[in-house]
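After the structure tokens below, expect a handful of questions from me.
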Amino acid sequence: MTRMTTIGLIGRSSRPGETLPANLLEAAEAVGKAVAKAGAALVTGGTGGVMEASSRGAKTAGGLTVGFLPYGDADKANGYCDLVFPTGMGTIRNILTARCCHSLIMLGGGVGTLNELTVAYDAGVPVVALEGCGGWSDRLRETLYDGCYLDERRVLPVSFAATPEEAVEIALSRADEPRTGSKLEALTGWAGG
Amino acid sequence: MTRMTTIGLIGRSSRPGETLPANLLEAAEAVGKAVAKAGAALVTGGTGGVMEASSRGAKTAGGLTVGFLPYGDADKANGYCDLVFPTGMGTIRNILTARCCHSLIMLGGGVGTLNELTVAYDAGVPVVALEGCGGWSDRLRETLYDGCYLDERRVLPVSFAATPEEAVEIALSRADEPRTGSKLEALTGWAGG
Amino acid sequence: MTRMTTIGLIGRSSRPGETLPANLLEAAEAVGKAVAKAGAALVTGGTGGVMEASSRGAKTAGGLTVGFLPYGDADKANGYCDLVFPTGMGTIRNILTARCCHSLIMLGGGVGTLNELTVAYDAGVPVVALEGCGGWSDRLRETLYDGCYLDERRVLPVSFAATPEEAVEIALSRADEPRTGSKLEALTGWAGG
Amino acid sequence: MTRMTTIGLIGRSSRPGETLPANLLEAAEAVGKAVAKAGAALVTGGTGGVMEASSRGAKTAGGLTVGFLPYGDADKANGYCDLVFPTGMGTIRNILTARCCHSLIMLGGGVGTLNELTVAYDAGVPVVALEGCGGWSDRLRETLYDGCYLDERRVLPVSFAATPEEAVEIALSRADEPRTGSKLEALTGWAGG
């Protein structure tokens, strides 16, 4: 068996010409390094912001990086992805980044990241929010049910971390959790709401 | 031109054997009636809970109802949909309910509804939350940016309503807003395929 | 129960500035009329060519028309759709036109139509090819297994018709066939999401 | 830049309990080996049949293998995938295998493989059919326009190969062709037909 553990990173992208806060990019790069050192593959949306920074970090540590682009044009990927998949699916590709990894780490982020969080929760993929990065990852404690659940079923808690290394450690420790979301769907034929 | 206005209803579904609160179902039914009386088509996920109640309301008022099922089997639709589309897409069908209508009304709801809210916001589709229904529609005021935005860009405010009739009135008034989200897509180079 | 039968029309679209053969457009319009007269809803991709012509035919006969656009912009629909769904999914929307109807009618068509035919066959949706329209609908007899199957399993024959009225008659008669494709999915463990 | 070339393999899968012809599996394994020796990544649907055989071949030659499952359950992947993505998208995942690689090799195949061929053609991804494997890859010469095109536009020829090594050689030589399909869409706003 050759199967690798896949850790997804979701969070704040950058628009053309925009520079993100240095501490956010440093955190993303440190996450990428720690994922690579653990021997796991890093999966991102393949574009800029925390996705580029984390991929750069993973590559400097000799890791493997994957980018699922919303675009159909592979040339729009950042320069640190070993495998680029130009899905051409627009925001539907969030399904891939959020549902196909063993676990996810969330750094900052706007509505697209919140979307990925809901997809992950629904599919039973554990998410670790790295706090201190701004955006939605800093707002989850105060907005979720009991500070960690996305709905009243309370099936899958969001974890919180204070450092990039801690975030990766938790993400790896939760990588093999059974998929509560998928099981629920299979058992009940229930798909959302 | 024969084009109809489409109003989507998102919110709490029901699991097999579960009974939802009477006030929630009454609100959903009243929304469906008001949509039908206005001559608009009602679009839902086609299954139970608020989706069934609102479709029943629309049919009693002579309206047209559409259901986009997550399942591939049309027999799983409720009995009040004129047009049933068994997408077989699982949660990807949330893209259809949330992105393809002129505007949306939100009644209660868990993580699936929150997912649809993020999809709508990203695509520039206006959402009206009917308060007093429990679930996420009652939590938005306290959790969103400035009480109405899903991210820091603050491009598309969520509206709030106190009665089903007011919700429909606002949804209709916002039905022809230009799609701010789509504009953003155009700027960033994504062509929807 | 208010459920309508849905007949999808797939086939040759038109590029900007292109005029399609008159006999092809007339056949499409006649299909739309016959679908409407039978009380069924007509479902198309919502753009030009045979999709526009068939929708026009359905509207002149008082029918209901639905268009699933590949674009996210509803303004790109033709003027004869009652319900326009701007999916923004690009070619993924072929899943909707091809998998969500009770049966399909195929008029001419290039690679996109051939794609829809494969999707329909895989999902167990019956297809009727109207011959004499050019494109792939005229090539199926000589290219398919036994002149009517898309693979060696031979589970779902393509039907052939010589006139628009016959095509609609066959499509309606096959509308309630059990979904052999979906059954296969059930056996192989895929639950549609 | 760390970007790898990605070669997709599409073709005949196997149903539970079914044994495929030895020559087909040997060809698939040889394709995987040749892809790996060339330093490219092998992308498949991650399940059985030619997908498993080619992945095994790539791993014995030290290559990198990726599997995009139709299922949401990663345990359904074959044992030779380094990276498994359990998309849970059903047949929509054909978009990934067919549209996201630099080029594709086709070995045998039924309706699902024909579907992937249409997706690839539409997106401008070159396909090489290895002849002598049965199924659709042996039927293309006699069924396509001019023996190599999927529609009358004749924009992207299917290539043919007589041996696994030749197939890989052609696939690599065509890996950097400009995406005619995507360009066409961008220029004309035309999306199918």
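Letters are used for the chains, namely A, B, C and D, taken in the order the chains are written, and counting of residues starts over at 1 for each.
Note that a residue touches a chain if its C-beta (ideal position, glycine included) is under 8 Å from a C-beta of that chain, and two chains touch if they have at least 3 such contacts.
What you are looking at is a predicted structure, and each value in this text was computed from that prediction instead of being measured.
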*Across the interfaces A-D and B-D, which one involves more C-beta pairs in contact?*
A-D
*Of the pairs A-B, A-C or B-C, which has an interface that repeats that of C-D (more than half of the contact pairs shared)?*
A-B
_What's the distance between the Cα centroids of chain B and chain D, rounded to whole Å?_
39
_Whole-Å gap between the CA centroids of chain A and chain D_ = 28
*Hey, what residues on chain A touch two or more of the other chains?*
72, 88-90, 92, 95, 123, 185, 191
*chain C touches which residues of chain B in the complex?*
1-4, 6, 41, 59, 64-66, 70-73, 77, 79-92, 95-96, 99-100, 123, 179, 182, 185, 192-193
*Footprint of chain B on chain A - complex, ascending*: 15-16, 70-72, 76, 88, 90-92, 95, 110-112, 114-115, 118-119, 121-123, 135-136, 139, 142-143, 150-153, 185, 188-193
*Please name which positions on chain A make contact with chain C in the complex.*
72, 88-90, 92, 185-186, 191
